[in-house]
Every structure is written in structure tokens, then in C-alpha cells.
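See the structures that follow.
The two complexes that follow have subunit A in common; it is paired with subunit B in the first and with subunit C in the second.
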Partner chain A sequence: MSTAANTKYLLICSVFSIAACAAHSPEIVPASSPEALRVTATTAADTAPKEDLRMVPPEAYMRTYLTLFGGLVPVEAQKRARGGDGAALFDTWDDYVSALGFPDYRLDVPRQTQTNALMVAAFERLGVALCDRTLEHDLKSKKPVPMNQRLVFAFDIPRAPASLDQKAFTPKFDLMHRTFLGYPAQLAPPDREARFFKLYSETVADHAKDDPKSRFSPEEEGWATVCYAFVRHPEFHLY
Partner chain B sequence: MPTRRTFLKMLSGGLVTAMTGLPRWAMADVATAQQSEFFIFIIALGGWDVTLWADPRNEMKGIVHPASTANTDTSQLKKWVDAPLAEGEKSFQLVRPKNSNLVFGPGIGELADMPDRITVVNGLAMNTVAHPDGQVFSATGRHPQGGRVAASSIDTVLSNEFGREQLLPTVSIRFPSAYVGDNLDRRVVPLAIDDVGAIARTVSRAVQYDASPERDRVTAMLSEEARDLAKRSTFPDVLEGMALQYDALRKMLTNNLQEVFSTQGLQKAHPEFNYKSRFAGGPAVNAAFAVEAMKRNLVRCVSFAVGGFDTHANNYRFQAQTQQELFELVAATIKSLDGVSHPTKQGSKLSDHTHILVVSDFCRTPQINLGMGRDHYPNNSALVVSPKFKTNFVYGKTDVDQLLPAPVRKFTDGERAIAPPDLLATFVSAFGVDPRKYMRDGENVTELLKS
Partner chain C sequence: MDYVVRADRLKFYAMSPLRRFALALLSLGAISIAADAGSAQTSPTKTLDDYKHFRVLAIDLAGRAPTREEVTSFEQPAFNVDGWIDQHLTGPAYVERMTRIYMDLLRLEPNLNFSAAPAQLYRTDVNGPDGKPIHVFYRSGQRRTREATDGEFCLSPEETGQVIRPMAAPIGAAINVTKKILDQYTVVVKPWWLYRDYKEKSPTQLYGKGWANPDPDYRPVEALLNEADGKTPTTEVRVCREEAGTEAVGHIYTSGRVKNVAATPDPNVKPKYAGGRVKPAPLDKPYAIAHKNEAVPCDGKMGLDYAPTCGCGIGLERCAPNSGNGETPAFYYPNHMPLGPGMPLDDVRQSALRWYPYWWSREAVHFINYLFDQDRDFREILTGRETVINGPLTQFYKNIQRGNCCGPEVGFGMLEEREPLFEPKNVPDLEPQDVGTWKVVPDRGARAAGILTTPMFLEKYASARARGAALYNAFLCKNFNAEKTQLTPSDNPNLMQRPGCQNCHATLEPLAAYFARVEPNSFVFLPAAEFPARNATCKKDKNGHLNGTCNPLYDVAFADNTGAMLRSAYGSPEHADAAPAGAAQDITKMPEFASCAVERVTSSFLGRPTTPDDEALLASLTSDFVKSGYRMRELVKNIVKSSSYRKANNLSSTSWRGGQ
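So, the complex of A and B:
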């Protein structure tokens, strides 16, 4: 056969093949049955905890602290916590690293794996600085901060004296519970909300007497103490 | 009929009794009687050269090359008196305190004038030349296992026995303190800091926003929360411990510690310490803190480190001076404690109930290396200042040629040199504590204790 005849033969074969494919309808794979898989055996999952609670490593605590402060780098967070107002709410990170349990490889000091009373004191010092500065940012800025840009206090506090009503307290408490502890307050031990409400209401009631020169109103201080309690809560530091 | 387990328990009880000389039932009563004792633990970080103080060598013998004017800066050394060694090189004359059989090297400084207050242990077998291992072994009596500390340190042990109720059971300033094992109260977790000023800074509080009663209310509530969570927890220990720590914080903040324990406050209150000394000026603040905190009955143990002993090279020139400053800090601490009344025992001096133990990672090689320094060596010495120990007394020895620990007596595992676990076991036994409660190894060396 000549080359031209060969080409003609191949062309005819190709045309027939394409035509045959086009004529065949696409294959449809039927969906599988929605029925559950057949149970062949059951095993009880053991969800009981197998070891004691541990302290969150200081690095993780520090990262959380920085995130709650609005995702700042450590030096910026330090600057914001110190402020320029002589409040002495915070010093420098260097002043607290050892008390917080950070390792110091220059001196062969290992990472602390257990809380101690001084560490608890450092948590209070840091927590108070975080909450006070964040409350100032969220609720006391000259220009009101939109709700979606608030860091912790994503609610408004009425200017009039608070009515100390637990119904009004609950949703705000739940919001902060989710922010700091990561789950809804409804799932917490039943006494927790009452305990926090007692703390809040006692602070609001006594703030004028306890701290007459405070920069916070009683309601603001009430929510600040709720924040202090969350940021220092055992569930915040242990896992 | 007693089971095998009961028999073994009885046997171990008998062994402890034999080793400590006290029946087990008597130990609890003895322990309660020790609640007024205080403890200071010091570690000379880096490994000290024992030939310059506790186990002095001033002659070329075997592999021993003594400190000499060729490798040591003698200008600041109070007890260095030249002695002939070799051509153009002079070693030191041995320091022999009056009315004492003790012999020291010039590194001992003015502590040599107090032989009736001190006990020296030589020839401690370290079995290590690695810093972290040596530090942990000296403080706990166990070598670390895979980098993990395997036992509680001596300060934690004694706080657990006598310091649970103290506001600050153990303050640990760069000391290798460890909290490991069962039978420990969470309140005695060492308060680890890198300088005393950290206490003042940590407990200082601003007043522009909130007041003490408000913060205290939060802490009280958190203590309740922790106890509540503990009741619901499968493993309540950590949460119960945290509740105790919240309670301790409340006490801490009502004691105005920030005013007392600032560096400046301590320096002002205790001018007897030399804060300007070159190597021990910083640690002098720790010693002042120890005296002040004990005077106020706030602590049970203070442990701290003095650095600068790791002299592999030309810095060996200052090894003797670093030692002199360390031991003079100990001497100043003894004098300071002598001048303070015991906070709870009327008519007693604080020094009558304060016990000091000074250790190091290990010692340094007997030969001088090419860099004119000394490297790590698996021998060690320790210093004890305690009314419970025989004073003006040295125990343990090393061989003349190689400075290695020599057998000193028969232990239950045969004749051997004394080792850190034995010293620590003896230290805790001196207060009626059963060492087996906390330590796997170590035997009570009764020869070290006053009868």
C-alpha cells in the first residue's frame, strides 16, 4: 500500500472510533445506600483521664497572653501593658520570666513543670495588667471601638449604675467564659456562674469604698475582676 | 503467717532502723520537733578546685600539679603565703587554723578562722564529669535518667518535712531544686527564681485601678474553684495543690514582702555582707535574703548558686579568689545568724537552728591543662555548717597521687568511698527523717553526726 493509502485508512479508522465513542452514553455509578454499616462488634471507649493535670508550658501561656492582647509581639505587649501613665501595672518580661517558669539556658535553669505560689503571684500580676489595659482599650477609648474589634469585652456596660441582675450578667459571662476557657459556661460545673456573679456583684457594690480613687467605675471594675478570675483560673493554666 | 511482702517490709524497716539508729515509730515525733530548723543550700556552679581549699595540694606528686604563682593570681588572696615549688614558681603554704587539726588551701579565706563551726567531707565519689549530672547528683543523690531528674532535691525534701506551713517553703535561686516523687505536698514546690528581686517585683501591685480587697476576693474565689474542680477530678492532687497555692498567695500579699525583699531593702538591712565583691557580690543578696526571711520565720529553705568556678582556661587564675569570696560569704552568713534571735525559740540564736550545706558539681583535674586551666574531675568535697554535725572535723579522703576518692569505710554494699547520696541521707537523718522516704540510695554516715 502506498503512503497516501495508509493515511487515508488511518483517517477513516479514527473517524469511526470517534463516532463510536460519541454514540456511547456516559457510565453512571449509582450512589451507595445511605444505610449505616452493619455492626459486627462493639468496644467501649475508655475516656477516663490517665494522668494528672499538667501545667500549660510557659511558652503557651505567653502566646495566649499575647493573642488576647490583640496578637502583638512581646515588646509591643509589654509597651501596652506598661502604658505611659505611671500606673506601674507591668515592668518588663525579663522581670517575670523566671517566676513564670521559663527555662534559662544561659544558666542551665530548666523549665518549671509545676505551679508554685510565686508563679501564681506572677499570673496575678500579668492578669491584672492584661485585663485593665484591655478594658481601657475595649470600653474606655475616646473613639468607641466597634464590637468586632474588641479583644475581650465584646459587650457594652450601661453607664447608669448596674442593677446587679444575673439575667443581664449571664450572656456576658458566657462570652468571657468562651474567650478564656474555650467552652460555653453551660458546660461548666453548676456553681461557677453563681460564684462569678457573687464576685462581680460584691466588687460593684464595694468598689467605691474599697478604691475611691480608682480609674474604673464600679461596673467596669466588676467586669475587670471577672476578667482577672478567668485569666488566672486553674482551667486556664492546667490541661 | 506473714506473707513474703510483709516479711520484706519488716526487713526494710529493720534495715532503716539499723542505718539511722532510730526506730521508725520514733521518727514522726522527732520530725515534729524539728519545725524550728532552717536550711541554706549553696552550690558552687561549674565545679570547684578542691586542692585550693578542702583537700589542699602544694607539691608535685603523681599527676598532681598544684596551684602556683604561674597559674594563680595571688594578689587578692588573704591566706596565700608563698611556699617553694619549682624554679620560678611558688605554691602556697597550707592553712592550719589555730586549735584545729583541719588543713586548708588558701581558697578557704576567713572561714578558716571558724574551724569549730565547720565539717568538711572529702573524697566524694561523683561518677560524672558533666555539669547538669554533677549538679543534680549533688542536690538529689541520684544521677538524672535520660536528662530527667529522678528524685527530689534536698531542699524540697526538708521543706516537705518541716516547711509545709511556711509562707515560702523553699526559695530556690538558680539552685538545681527538683520536686519529684510521691509523698510530697504541692505547697513545697520550690519557688524558682533567678534573683531575689523577682520576689519583690512579682508581688508588687498597682493601685490606680483596683485595690487589695478586690484582688484578694478573686484569689479566694479561685481557691474555691480549684477545690470544686478537685472534687470532680479523677486526679485531684494538682488542683488541690493549686488551691493551697492561692491561699499562700493571699498570705504573701498581706505581708508586704515587696518592701522587705527588694534588693536595695536587703542591702540596707544587712550591711554585713560584701555586695561589692567581684564574684559573690550578687549571691550576697541571696544570703541577706536568707537571713532576713528566716528572722521573720517566712521560709524553711533558701537555696542558691554561686557561679564562676568552671575554669578550663586562663580564668583558672581567679579560681582561688572565687572560692575565697564564696567561703567568706558563708562566714559572713554564720556571723549574721549569730547576731539574730530565733523567731520562735526564745533565748536561742538563729545560728543554733540553721544548717548550711555547700556543694559543687564535682572538682577539677589535678593536672593543669594546655590552656593553663583545669578540666572536670569525678571527685568532690562538701562543706557543712550545722549544730547537728561534728565540727572541726574532716571525713573522707582521696589518694595522694591522683586525687581520686578513696574507700573510707564499709557500707552495706562493701567498702567504698563516700558519695553524695550518703551525705544527703546523713543530712536528712540528722533531723530524724527517714532517708528511704525520698531517696533510693545513700546511707546514714553516723560518724559525721554529733552523738
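So, the complex of A and C:
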């Protein structure tokens, strides 16, 4: 369409539009009677104020940690976590106390109610120490530890190369799930166990093929890694 | 009444998980469980929300996440959640949980030293007659009748070869002190920190030898247990003769020295003072001249300042030892124990100057613990005349505290504390080494007012305004927020009237006035008889000044030629006379006291600040709290059994599930 034709078309449209507007009188909306709206359905509303999950208080975190470590007092747990093998898995509680979010009343430092990078790093370090030392206690003691005295790994693992079988993995995983998160794995999101099993399997396989210089066998390393995953799990740190 | 029973409950945490679990089961009625680690059955009746609720309850009331054995127990059909709650509301974790709420608010731990001058014993070394070093304890500023040593170490520089003063390295080369001099000016004592039976004529129960079962938490540092060679166990200590004095009452001493006379009138020649001392001996103060030979109590500051016969008492019990000539370690105790005294994170050598502040803090915690453990009327946190103390605190309240008084008060005729916040006669009999034995003291005295008159509160909040603001915030849930008002120049000393200041100070000054009778940075109580709120004897002089006696305690800004106002009292002289006990009565009668307590505890358990949407819940909880007689256990039970608690923190149920 040429420019002239285009202009002519717009002009015709404008004329018709103005004519259409002029043909209608303003619409009058009559006032409605002040009746209540008709109830069409009733549904329960939860009006309770909502907040996101909160951080487990550092006192409760530390007590939980000590309980997992066999109900030790902090100084004894520190000694156990440090060990005598030069692994440098753990420093001292004094090094961690502020990072874990404890308040310092002397210096008027309030308690931390949200995580930060340093705190997460402290959780990580404490968690690894817990997993490694309890694995040594539960699975690597010279004298086998009775099942009811095991701290975290209350199951046996095969000495031979592991059969990476999810069916065998399930009850052990459930036990650790209960230990750290407080409920059965069946109630967890459906793919959680599969994801953990993948982590376990890959760790075992990697550990076996690389022939690393490690205190742990591939299967032990696999379960230690599952333990690491639990101690850093958000559900472990939130409530 | 012994508090030991409750203190023992802290050991609950030190038990093995199995033992704790067994105890928990017994108390729940012996629910049989399958503890077999391999049995991982899911309870058909429990939902994820049920498990989550149990975990929240465990964290809040048991102080930790549930163990897998407890989860197994929870899954049993017979498990009774309400019964579990009731049981844990009497447990130590509940007490700790509740105390934490108020410790987070008040932060009652010391970042301070306490150095009442008469209480500090410093230790220096001198060369003995055989040339070997000998420890000698002494006090700073001790009056002595010998000019060469009056107010200084008891052996003169000419006798030791050194100028010895506290907090400083000795000056000069040590010479051997003769036996005659040593015996003349020092004595040996079996002190309280070494002997359990130090009050006996011939103590025999030495720490580490003969003292059966010392409290495991009472641990003097090695330097106090060994002689200067570091090896020989100390069985007695050498102390300056005056410091070893055991008299209860001394007499004001005057030396006759009223003017300094240098040994030489030539200013270019270094003056020589008696015994080689580098500073002249103290002159007689006007008070000493006016009250010569009058009796003064030996356990107060007057004894140190005026009476050479006043010492540290039997076994040096009125003094605390340093292991060196300054702020040096004396005892082991923890720096950090966030889980309570049964579970310290460390055990380190600490200065004697921190010994009593450390125990003040423990007193505050034990007092609050006691209120929650015994489910006392919560108003007692402010009004209670009781407290809970141990051995070091009995020593403090009986002996050490009194050394804090009197300085400026002497000018008003108060030579020793007349109306202490804790009456010494009400202090129970415990030995200074009984660090782990805590006793409830039913009545500290007429001026006691819960946490408000504990040394820890009064030192943490050192000024009257700080004390008033802490009270306002912690117990009425209110804050002082400045208005957006331009501050205009003003010379009005009355902050309740000054534009821009009045917004806060109209409330703060009357609150501060309640604390006008407790000295700032101290806990000396100023009785109304000696220190009226408006004192007609403290008048401005022609230059607009108050005299030196009035100035430290009375406020020149609120003085005229007819008298002056006690410092911090101008906001309300009536409140000043009511003192902290009056503040406690007035505050606890305010409706905000109950609603604030409910709001604080509810907010803590819901894990979030309360909002207007919680109004109905808070109103209901407050009503029940008041009806229950301000019992926290009832309040917490109502909170944790409420649907709001169960629904709290569930906004992100998807994110709860979403965590993989």
C-alpha cells in the first residue's frame, strides 16, 4: 500500500470511530444494594504467621554433636576428634565457638540466627571429624563394637569389594537418615535415597580405582561420604 | 537449702546416650522398643509433620535433636507426646533453654576485673639470706608504722636492694635480705587457697596432701602451689606482717607527718627518703588527724587506708592471691561453657582479678536457673530476695565485698556499708574452695531485688541510666528510640525538659532514679539517712561548686545554695528512695511485665518475632500466665501444646521436603 493510500485508510477509520462514539450516550451504572456477597464455598484458611525454617541453636547443635559422639563432654569429644594420628581433623572448641553462632555475653556479641560462610565451614569441619572418628570407632576398632554401642554406623559393611546394590543400601541409609534427620527415609522426597546411593556408589568406585592412600576402604569411604552428606544437610541444621 | 540436687542434673548430659535413653524410658513407663539397628520400620500412624514436631520439641525441651532410639520410641503406639512434654518441662534442658532467653537479653557475663584494693595480694620475690629467691605476698597501699615502708612493700629498698611496687618490674639489683629483717617484717601463714582447714590454729589439710576430696573444679594454678624454684611444694606462704593481721577492728593511725620534708633542700640533689624509698611516705590525712585512734572495721577500705593493724584476716581470707607482682593467674576455670558448668569447652589459668566477676556471673545464671527449675513466680526475677551462691561467693559477700567501701562515703560518716544489698549475716557458711556447692539463700536482706541487686547486673550495667534502660528493655519489651528532632542548644540540665532529649529521658530519668542509691560501677548502697535525695548540707559555694565531700555523690547541676540532689535522683526523688526494690515492685505491677514475659518466651519458642496476627494467642497465654501465678512452666506448656507452635516455621514445607 502506498503512503497516500495508507493516509486515506486511516482518515476513513477515524471518521467512523468518531461517529460511533457520538451515537452512544454515557452508560449509567445503578447503585447496588448493600447486601453481603453470596457465599459460594467455604474453605479453611491457616492464618498462623509463617516463617521460614530457623537455625538449630548452637547449644542444641553442640549437644546433638556430642550425643552423636557418644555422649561425651566437650573436652573429651575434642580429644577424641583430634585423635593422635596427626590428621588435623579438629582444632579446639574455642576456635569454633564464635563461628558456630554462640553469643559472647562478655563482649555483647549476640547469637547468630542465620548461617554465614564461616559457620558453614565450621559445620563442615566438625562434621567430617565426627564422621571419620565415629567410623573408626564403629567399624574399624580392633575389637568389634557391639551393634548397640555403635554411635553412627550401626551396621556391618562387607569386607570384600562391595556389591553396589541399592537393596542392601536401603536399610543402612534409613538408619543413618533416622540418626541425623530424625525420621524414616521413606518419608523423605522420593529421589533422596537414589541420590545418596549414587553418591555412595561413585565414592566407592572412585576410591577403589585411584588406590588412594587412605585409612578407609572404598566401602568405608562410601559410608563416610554418606555421613558427610547428612551432617551438612540443611535439615540437620534447621528446624 | 541445697541446690546441689539440681546441679547434679547437669551430669545427665555426661551420661552415655543409652543410659540417658534408658532413664527416659523408665520415666515414660517402660515402653518396649526394638533398638535393633536393622529394624527400620515406619510407623503407619506417624506423618512427616509428626516427626518434625517431635524433633522441634526435642530441640526445644531436651536441648538437642532426638537420637534414633528416641525416634524409635516415638514411633511406638503407646508413645504419649503430652507425657513427654510434661516430663521434659522439669528437666535441666528446659531450665537451660529458659535461662538462655534472659541471658541473651541481659548478657550477664563480665568483661571486667574486680580489684577492690584491700582484696588484692601481690607476690614478689626477694633474695633470702642464702641468696635464693623467696616469694613474699603484700598489698598495695598497706599502711605501716615504719616510715621506710608505709604504703609500700614491707621491706625497704635498702633491705632488698630493689624498689618493689605492684604492677611493675623491681628496680635495682637484689641483695640478700638478712634473716633478722625477714623475720621482723614478714611472717609465714597457711592461707585459705592452700588449706581446707585454714581457720584452725594449726591447719593440716593441704591441697594435694591431707585435703581429702577437694572440689574438682577448685584448681589453684601451679605457681601458687610451688615455691620459687618451681618444684618444691608450697606448704605455707610468707607475707608482710601487717597483711597477716587478723584483727576485726583497727584504729586510725597518724604518723605525725603533715608536710613533706625532702632530705636535702638543694633541688639539684636527688632527695633521699627513709629506707631508700623513692617517694615520700604518705602524710596524715585531715580525716586521720580528726579521728585519730578511732576504731575502723578491718574488712573495709578504711582499714587499708588508715589502720596498720588491719590485715587480710585468718588464713588471709579477706584477700585473693596473685601468683606474681601484677594481674597474674591464680585459678583455673573455663573461658567458655555455653552448655553450662558441667560441660566447659576449656579450662584455663585466669587472673585473680577475674575470679569474683566470674562467680558473679555464675550467681546470676544459678539464680535464673533456680527460678525456672523450681517454677517460682516469675516476678521474683525482679522482686526475689533469694539468691544462689557457692563458696567463693560466700567469701566475697562476707569479706571481699566490704573492701569496696568506703571512699567518698566517709565524708558523710559512713565508714563501712550500713545497708549492704546482701546482708553478711545472711550469707551461709561455705568455704572459699567450695566452688561446686551452690546453696539457696532464702533472703539476702531488705534491699535485695532479684537480678537487679546482684553484683553482675550492677557491674554490667554500671550507670543508673544503663540499669534503668536494661530494665525497660528486658522486662517491659520497650526501647528508647530517638525522635527525628533537631537538638537545639540548651543549658537546661534537666533532660526530661530539654527539647529533643525529653522524648527518651522523660521515661529514662525516673527509671534511672531507682538506682541512684547504688553507686555507679559498684554495688555500695547509699542509705537515705546518710544520703538524703536532697541534701541540705551540700550547697553550692560562691563559685558555684560543691565541696569535695559532696561532689562525687551529689550533682552540682541540680544544686543551689540550699542543697543538692543525689546523682541520678533528679528524675524522681521518690524513686530514688524506693531504690531497686521499689523498681521491682513497680515494674512487676505493670501489665506490660506479664505481656512482655509472654511475648519473649513465645517468640523464642516460635522462632520468630511475634506479630499482630499473634495477638489472640498472646492475650490468651498472658491471661493464663497471670492466672497461674506467673509460672513459666505453665506458659511453656501452653505454648508447645498450641497449634501455633506446631504450625510455626512451616511456611516452607515445600523447601523442607525440597532439601534433597
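Just so we're on the same page, the second predicted complex is superposed on the first by the 186 of 239 C-alpha atoms of A that agree within 3 Å, B and C clash if a C-alpha of one lies under 4 Å from a C-alpha of the other, contacts with A are read in each partner's own complex, and residues count from 1 in each chain.
As a working rule, contacts are C-beta pairs under 8 Å (C-beta built on N, C-alpha and C of every residue); 3 or more make two chains touch, one makes a residue touch a chain.
The model shown is predicted, which means the values in this text are computed figures rather than measured ones.
When the two complexes are overlaid on their common chain A, residue A:201 makes contact with neither subunit B nor subunit C. Of the two partner chains, subunit B is the only one touched by A:112; subunit C is not. Once chain A of one complex is fitted onto chain A of the other, the partner contacts of A:62 are limited to subunit C, with no touch recorded for subunit B.
Legend: residue contacts after superposition of the two complexes on their common chain; A:235 is shown touching both subunit B and subunit C.
In the superposition on chain A, contact of A:147 is made with subunit C only, not with subunit B. Look at A:192: by the touch rule set out above, it reaches both subunit B and subunit C. Shared contact residues on subunit A (touching subunit B in one structure, subunit C in the other): 48-49, 51-54, 97, 104, 107-108, 110, 189, 191-192, 195, 233-235.
The part of subunit C that touches subunit A in the complex is made up of residues 13-20, 35-38, 40-42, 47-48, 51-52, 54-56, 58-59, 63-68, 71-72, 93, 96, 100, 103-104, 107-111, 335-336, 338-339, 342-347, 361, 606-608, 610-611, 613-614, 643-644, 647-652, 655-660. Note for the complex: subunit A touches subunit C at residues 46-54, 56-60, 62-64, 66-67, 70-75, 78, 92-94, 97, 102-108, 110-111, 147-150, 154-155, 171, 174-175, 178-179, 182-187, 189, 191-192, 195, 233-236, 239.
Partner subunit B is touched in their complex by these residues of subunit A: 48-49, 51-54, 85, 87-89, 91, 95-99, 101, 104, 107-110, 112, 114-122, 124-125, 128-129, 132, 189, 191-192, 195-196, 198-199, 202-203, 206-207, 210-211, 213-216, 221, 224-225, 228-229, 232-235, 237-238. Across the complex, subunit B meets subunit A through its residues 45, 131-132, 135, 149, 168, 174, 179, 186-187, 189-195, 198-199, 201-211, 213-215, 217-219, 221-222, 224-226, 228-229, 232-235, 237-239, 241-242, 245-246, 248-249, 252-253, 305, 307.
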